[in-house]
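Here it is, the structure, as structure tokens.
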């Protein structure tokens, strides 16, 4: 794709796959709105007061139908928004088109190259001469990373005149990041420092991004306040768990039509994502085997009747392999060679390095047969036996299906909206330092409460006497901070 | 679509959507072969002896990837094959293209009109001047119906000179059937009678078709022997149950991306199909309510923790409605009007008359908004509230997804192959009269046995002493005919 | 126990463990009545007409609380009843006491010896000088066996003067049967022949007994009509399946308090009983492995995510072994020696020969440590390792717990009542020959219907139009005979 | 029971129901040891070094078989132990007898009066003239409460000469506590103050006790360090959840034999205990309705397909009611009056005030019919309709069954042993202040690890490179403190 920014008739910038899909996107957005009561309640509650008036928000988060409802909630509350996806395969092109046409500057399409991906990220941060965004919505932390790397490079350059050297790393993606920064430095050596000054804070969506933030907090390098949305109960215990329970089989079915019943499935990792995946596969009639490093999670798996073994134990016996770890090097090419013919290998954790895609792609004589986009059969020369890899090792639920369903994303994204409101409201109060924060429990409970009515639930009310007996306020929060749910 | 038969370079007739999808179809057929051990075993076991040498088989059965493997098993055993789909939405166009290019005469595409549908059925029966097919594979009995109606009309015409009158029925589909027969009568007044003479028998795939066959047997009007494949245990207790458990959520997800967890779902009917659907929805986290007429099935639902109510009891409360009854008039337009906004209504039973599509389409002022093919939102003028109807009321797993997965269809289709072999082998022996037969239990057990190895199962062997103790042969069959599994 | 018949103040004969438990038994019977709507409906519907007026019924069926409600339903309909248990461990002594005191002649206690068991069976058949019973309710067929063996021996004796020789068999139980018959012959050489003449028929409760009946029908040796209650859908698909799903874990918990979660459990046999057991263990968090001889049942297990292996494959790995086969020699002492220390071995199939108790008891040097009644640890001398055997290899749910719960037994026993009414009503009509019959489907559906109201279910009614469309009567029966549910 | 301390031949004090059950208790203890790998590993690891040499431990925790293994682990590590139960119905008398005979001073029997209960608690604290214990193992905090109330009263008495006045409260249990303290004050006015001085700390087992501790910490009245064992992951997410999933149906079955399938069950509260109960009931085939005050837990219930309503909504429809809240006044007598005949009401939360037992007992004209111990039918005079209350409103799994199974209690109790070792080891180091602590995560992970081998699990090992990538040590701990599992 030619990397040229386009402009709507109203003057808004964008770059999407196919603007003609905007009507289709709009129809699906309207359906999704009905399924996202938390976001719609935010529009009702906060819309009139326009809390984001004057705020510029840059988002880097899978550009799906659900995200479209998030974006239009932000704009309904007064924000100006620029957006990119945080994954090369996760964009739904009709969603991108509808938003680009109607609401915000979008730079995203399904099937970006890495080069295109970072170009889009740059565009989402590019608010013109006035500097960068006021607020960031991030997922996985790529935009936050870009800014931090940019500031670091500018400071080195300022002191030493030295430009970042892309060849200093053999991580393909980091090479691109450094190239972008290097090239930017030549035209504006203060770009990211200006951005840093303006940014009020970031709200981060997912485990991996949060981990990066805590590392930066620990080393004192975090440049602005961050809200850890991932660890809201209504995010990590819902989206990660119930979202994956829904979208893992969805991705498997759309990509391969494979019958899950009767199969042996290996789930690597039994955190929230792994729990959701294992539940879905078990319920679908598979025999599920879990691999784990953490004895507590391993014992949880056993209590659910799941076998806990090492990958090596089951490598030649299993039909489906799913990585959910957030770690790297989980399934190596040497493992893949031992698998049964047409074993399915996929990742729903975070980055594509959970699966050794590099090893697979560079394996001598390996042959790649693309069944359809995001579904490849890789045949090893020695055995003529093939494995099926989904979404090129990236998030299979977004690459092969449509990601998590609207209802559970409404929980996650209502946390995002609340976090953004909180950051913007406190922008001058000093309430938030350059640290990582989680939302207070009463807001977490509020997010849940906004989603009950639609499911026909009726909550019980504590009497004052009962509330006193268990030492909580009648209106909550009801649990201590350490409560695990 | 212009209804013109096309011809491959090798001279084979066909009519499909897009021949350029043949390569894609071939790739998916190759994947499916690995998942269909029963069919592949038939090729190995029977291929060398070419049992179908000289046999012409006409099939009317969803033209999917799995059916492609069935067709190529029939041709691998020596048959010549012509095929159409038994549902206007169930064809997978890439499967049709691959078969048309490589193996058999195919007349099928996704999204036929009813007119086109019956044209395709006629083509599948049209073996040229030599008359019709020797054998029929039928699903729902439409081809069998066409022949029986044709013969009946020809006999009336022969006696009275009277042509069938399409206006004598208000069933739109029967009007087309009668028109076809009427028009055919004019050119060849013995067409169906010649067919009847040649036909050795039919093997019928599904409950609805089987019911028609038993009715014809009861009234003495059945024109040739029939094997009821549906009631093989390895068909009805597998494909109907486990197939739907897989393909119902698949269809729901692809059509609507709706989160199943937390929803109230109504399953109308708790037979094998209903049991599979209810299990899938329950496992997906829905609260499932069953409607039933049969007290035994109702009690089964209760034992699984499902509530049994009438449709009326829950019409305004539920989010998802699924018909699985094989009956008609299950959900009427008057019901649909009472539903929640964006309630999902779909059918996985058999014909589209489970849902009152006619009533919906003709409701004054109703507005149809097509979100995407097979996913329509219908808005009632009084309430501005809409419901979402999948696949226009036809089989949603085939219309909105890809039908049942290969593995379970391998069970069903291995029964088909065995039934066809049996009919053809006994064509002159008189073993089969003009009645409906089920396959003997030892063949049913054989079908199951062919599918165990792939799932890593190891059967226990009876000792002679044990076999005598329970009075069965060491090699089976192991159960009495009335055993219910 | 001294084998002396006792007499109540009202002159009724009995032999139970402890008459002082009658009040406790009565309280539990009253609770059970609320849970047994089918039986209570029979009392309401048929009580006024006293259909059993003048009928003598002998029952041989686990003398539990639920059976007490059955017995009192029979007496409420006019019958005179004598009863014994069909299993040495299955009597609930408080139930026996209440019935003996209030309603019928009972000969049963928990923990009979085999000698005592057959003495009780004889007593239940002993209606004094007037001959035997009119009707038999049998479970496993022991009373039917006794009569058939008796008649056979009397006929031989009549012809040849030869007495049965207990030493002619090495089956301990058959030795006792032959001894009883031999001793009886000396005092009354026509006893069983007189019985045979009087008996109108038997209704048989369970798979094993039914199998014996069909064998006798096949060899032409069946002496009176039999109704196969086991194969009513509302019996075998409910009591066998849902009953065992309840009572297997109940027995395991009461006997051993073992945590099911995390364990590896082997279920031998995947028929209705095995399906119930496997479901219970899986739901309890065990990893379940099934052994099967029948490929169809094996494939069903696989579709539910259960592994199918041979006993040998898992003998040293599993924690819990359950036999459900109805066959013999399933777990041999040579298998038990290979098990883990404290592996649990139990049977919920039918006879104790599913487990090689004889081999275990006679194993040289084996040591039996009774933890509590029905829970024994057997230690092998070579390894000092022990296994835990429940209920001495007999039905563990009845030996270690209280058998199936009232509600599901109400389904089974309502079939019994209906079968008994049918036999008695048609005693002179010739409707039933010396063959095995199942109840007609409309009665089966009626049994189910009687149990719906209590669970809050509301059935849908077919319209006449719909009924015609699927060719069934509006009031049912709704399914063909071969339907499998 | 006469409240006299008895003495074994070896001079150890005790008071139990029946010393002749000691052999039976010993057999079951030996079985339990095989199921409690964590405790047995502690014996192996720590036994040789005798870490508790010289330590006096008082425990107040359900005197079951599992607790017996805990006690003998403490004594195997060198401790001297005195024990009472923390619930009037939870003692297993054979366990108490075996421990009393062989290992520790036990004061506990099943079915204590409240008076007896507190007498036992006093005895467990009574180490003779040398003062009280060094360490306390508490469950629910009753022993801790007694000491705190005692110290408070002594201080008041010291200052003002005023004795505690039992009539100052209308809580029956607190009246007894105050009476005991008052009477003790007369003979030794420094008793509890001496105790306080000696006590190194307490480890508390359960939610309710922990809540009390945090309240005392908040008000600065906590007299010694406390370790919150409840909130170890390997306790609250295992024992509370999986333990109740096992022991709720166990208690229901033993108490009532009720069939769970088909019933409507209400679970009040959806915390860990409620989650376990709801899972068990759902898997048993009940339709489960949850009541909740916390919107997050409510949303979790919905995601599992459970309906969330208020008690009022379902009071007259449900068959089984289970309280799991840890709060009071959940089911009032006014609710019970509205229930169906023979509805079952039970509590598995903590104290018996979850159910309004006082209101029930004092309801005018109510009639109590004891079916068997811990199973009472209460009949209301107006309706003649009865409800069945288990364990007099106290913990039904301990009152009606045997509590949680050994394996999961091994997790909990291994935490207890580790906590006690930690407190004792650090008794002079000042590491623990008068505050509430949780065990560090690496110990929590260790507890889990000790339980994996027995279940055949094999953990995956992180490479150094992977560990660095996710910033954890190779050997763990693997999760941040806030991780919810």
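In this document, chain identifiers A, B, C and D correspond to the written order of the chains, with residue numbering beginning at 1 in each.
In this text, a residue touches a chain if its C-beta (ideal position, glycine included) is under 8 Å from a C-beta of that chain, and two chains touch if they have at least 3 such contacts.
Not measured: the values here are computed from a predicted model.
Of all chains in the assembly, those touching subunit B and also subunit C are A, D. Comparing chain pairs A-C and C-D, the larger number of C-beta contacts belongs to C-D.
Rounded to whole angstrom, the centroid-to-centroid distance between subunit A and subunit C, based on C-alpha atoms, equals 58 Å. Subunit C and subunit D have Cα centroids separated by 41 Å. Of all residues in subunit B, those touching 2 or more other chains are 242, 261-262, 284-285, 299, 302-303, 307, 455-456, listed in ascending order. Residues 211, 214-215, 231, 233-234, 236-238, 242, 272, 291-300, 302-303, 307-311, 313, 326-329, 411, 438, 444-446, 448-449, 451-452, 455-463, 465-466, 469-471, 476, 478-482, 484-485 of subunit A are the ones touching subunit D in the complex. Residues of subunit D touching subunit B in their complex: 261-262, 282, 285-288, 299, 302-307. Across the complex, subunit A meets subunit B through its residues 24, 27-28, 31-32, 34-35, 65, 242, 245-246, 249-250, 253-254, 256-264, 283-285, 317, 341-342, 369, 371-372, 377, 388, 401-402, 404-408, 455-456.
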